[in-house]
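Two complexes follow with chain A in common, the first pairing it with chain B and the second with chain C.
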Partner chain A sequence: MLMGKKDYWRWSENVYIDRNKDWRQGEIITCGIDVGSVSTKAVIMVDGSLYAYSVIRTGVNAQENAKKAFFPMEEETGIKIENCSYIVGTGYGRINIPFAHKTITEIACHGKGASFVGGKKIRTILDMGGQDCKAIHIDEEGRVTNFLMNDKCAAGTGRGLELLAELLEIPIEELGTRSFDIDEEPEPISNVCVVFARTEAYGLLKKGWSKNKVLAAYLRAIAERVSSLIMRIGVEPEFFVSGGISKNVGIVKRIERIIGLEAVKVDIDSQIIGALGAAIFAKALYEKERGII
Partner chain B sequence: MDYLGFLNEIAKSRKVIGYFDTYFPEEFAYAMGLHPVRIMSDDEEPVRANEFLQGFCCPYAKNILEQALKKKLNFLSAAIFTRYCDSLRGVYEVWKSEKLSPVVEFIRYSQVVRETAKDYLSLEFKDVFNRVKKALGCDYDYDSLKYAISKVNKKRKALQRLYSMRKEGKLNISSEDFYKTVFSSTWKPIDEFLKSCEALFLRNNSVNVNFDDKKVVLSATELDNLNFFKLLDEIGFFIVSDDIASGTRYVKDFVSEEGDTLDDLIENIALRYIMKPPCSVKDPSDRRIDELIEEVKTSGAKGVIFFRTRFCDSEGIEYAFIKRRLETEKIPHLYIESDHRLSNYQQLRTRLEAFYEQIVGI
Partner chain C sequence: MIVHYGYLDASGEYFITVDDSKCSVCIEKGCIKACPKSIFMESENDYGEKVMMVKDEVRKMLKYICAECKPSVNRPPLPCVTACPYDAITHSW
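And now, the complex of A and B:
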């Protein structure tokens, strides 16, 4: 890498602590850790309510990712892994969390997490992650009743967007808003494959298209592709979008337009929904093991 | 001894004839004193097979071609293909042109599942096996064919008993071991297979197991990778039944042993292979779907796992019909797509675990 070159793909890691709570006062502290292919998320709940979370980029050392995701919360509050009553691991790297009491798939965890934050009326969830995309149906308890998964190609995934950000030299967090800064919505690019799309995007730029217009064409293509996954499983309101790409308004709004349904918005980072669901399961499992419920 | 080692050993004392799908009428092979064996996939990555077949061809077809091109199947005296699918037809052409076995034959099946196809298929069987007889210096007659029919029927009967015991909870073995036994029926000598079944029946004579909430039915065509069954065991599923081509679709239906002439027996064989539970390349294929639903209902399974071999278009199309029926019957199901090597193992695992959580709970 050349000195001074900007990494447009690089999204910010973050940590959140609810300063109104003190984990030391809690009875049941549970943790959910979602080791995804691109980001690792850790959530701590105190007596069933959200206390802290952290989002970091997933590194190459599988076993270290979970610890690293927990560490920012430890640094801020003094809480340690040993203080957690029960830990559930999820995400593609779930089997590499040595201190997890149990692993649960991210599909079930997104269902539980979305129902918790979005309410009992949520029925359809779209989880757009780093390397795959899932459409999930849940019941009023957040239990999965059906799901579909696309893990065959990077289009519509976080990794695909990272490549696009680099290609267009637009910071990844601006991709969504900038895709609306155009005169007229263009036709989608014909090839959503991130490898071939690069060639097509280059061609469009050479033809004189603005970066924002190319971006809009690309995001529209992704939205159409992802929407077909949702429509295959059936769009049942209410609808919720989770995962890293849920922060990209350029994709979410276009999906809403295609499926004719607005996604439920919540005041929480929708990237942590899987880890949150894992922490909720952790509490239920802890209580079940102890005979509390 | 492993499967290939075993077959190499057998080939020292009798001619081994290889086939690739369960439309091959093995009765003829036994009647001629040959040892028929279904060639199973292994974990070879296609390298040489890619010289002959396109990337989007059936991975099973490519794998068996790879095995032959790498001379792993040199113990075969003959390879007999049937008109099963386009990929296997392509493999037949390559097999023949590359002379991968001393004898290479192709049984041209009718695609229709109708009794009227019986006369045609009888003639086709006669033609093909007359050529095999001449090429391998062997023969069959009324008595040897009748005896062979009865032997294969006995094998199918034993397999049916295995499946019934599994459904009734009277067979306490893992899915991996169960399918190891079932698939061995397509390559072990019949007497040896029957002996292993008897031993299994004896070992389980007072067993009563209950896997109620973990029962699922597996729907697939070409699926013989035991690691897949091991994965299902690890996750916690209990495969109570299936409609795999070399599973229940191989086991169901006997060849009638009635008939006074050789032609009668050949017609009986033709009829069984035309009318057996069809694969997705056959028309109509309703029986497969009807029986899949029936298996779910009678076994008390909680759902269906549908395994599609990657690039198998006919299975992909069939799935649309199966899906509709399963939805109508409100039977939860999971669609997965992979190949004989389970090259997307971790993704498969996630989907299967999620389905397990869905039907069994957390």
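And now, the complex of A and C:
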């Protein structure tokens, strides 16, 4: 009998609804949709406050991703795309959102979203996404003043971590905590390239290293690599981490050690920050078009 | 806004940095004509300012595309940097 293989890379899709609010009572309903290379996020705001969001895995049909991300919220609350006053698309696949009124780069959206959830003191943002990594500086209004993106190397991306989870056969959501279950922090893996790092990790496992120790060495290498990106634009407090990898405590804590700053913690899923920023822009654009402000 | 176009890989850091706040006041955008490989274009940034950008399709190949202007010895001044009257452009390598 064939046994089903466990997908260690598979992270959980999720949906959130603020049950204390009713979208039907709102005046301005805006939506932000962030179509990323690995995950698609949709956020609905009612009169400028967060009402609902959903996070799904990005599929192969680019045009369908945005609809699929919206659907879980529709299913839970009855809200439809047509009920949204204004929709802003962002992310790698933003040009493939047929019902978006406008598209804005994810850099500007992450700046706006981080400032909204983390407060006006946020100055440095690290967005670690599915297939790229961005270091962003913002001012007190959430406007981007400096940014750098690296999307040529997979080190420090969600896809890189998915491959590592498969290699070590550890569920991706456990990678961070298990990387601290070691006697002593090892030296980082020397190859940050995802392909070569796999080979190096195999070698270390054969040498008798535990999975957790290999994991710690790999996450430390990623943290060092990503920190060099942030340091290139300059680290200024307060510091915020967004994107799917922000949920990996093993990387975030190691970055904090390297740059000497603790990341601001927020109550909401930091994977949706780009979509949230897009929804905030949507409200401002709607009001501007209607002459409300 | 300061924008770093380029990438970082195992061989090094290859970024062209553009200071939009200086770039947006430049009407001529001489850098666009000065580049022998035509890597620049004028476009609007997210805040509605007309600025010079590095074309997306060349962003991950800068090390190779810009090589012609960067001989390993006796490197002359870079045409894009020289053409910019506001010192808005710098190269990391």
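Miscellaneous remarks
We adopt the following convention: the second predicted complex is superposed on the first by the 290 of 293 C-alpha atoms of A that agree within 3 Å, B and C clash if a C-alpha of one lies under 4 Å from a C-alpha of the other, contacts with A are read in each partner's own complex, and residues count from 1 in each chain.
The definition used in the following text is that a residue touches a chain if its C-beta (ideal position, glycine included) is under 8 Å from a C-beta of that chain, and two chains touch if they have at least 3 such contacts.
What you see is a predicted model; the values in this text were computed from it and never measured.
Residue contacts after overlaying the shared chain place A:Glu106 against chain B, while chain C stays out of touching range. Judged by the touch definition given at the top, the superposed model places A:Leu204 against neither chain B nor chain C. In the superposed model, A:Val144 makes contact with both chain B and chain C. In the superposition on chain A, A:Ile44 makes contact with neither chain B nor chain C. By the touch criterion defined above, A:Leu229 reaches chain C but does not reach chain B.
By the touch criterion defined above, A:Tyr92 reaches chain B but does not reach chain C. Partner contacting the larger number of chain A residues, of chain B and chain C: C.
In the overlay built on the shared chain, the residue A:Ala52 is in contact with neither chain B nor chain C.
Common to the chain B-facing and chain C-facing surfaces of chain A are residues 104-105, 107-108, 143-149, 151. On the side of chain A, the complex with chain B involves touching residues 92, 104-108, 132, 143-149, 151, 281, 285.
The part of chain B that touches chain A in the complex is made up of residues 332, 335, 344, 346-347, 350-351, 353-354, 357-358, 362. On chain C, the positions that touch chain A within their shared complex are 1-4, 7-10, 13, 15, 46-47, 60. Put simply, chain A touches chain C in their complex at residues 104-105, 107-108, 137, 143-153, 191-193, 225, 228-229, 232-233.
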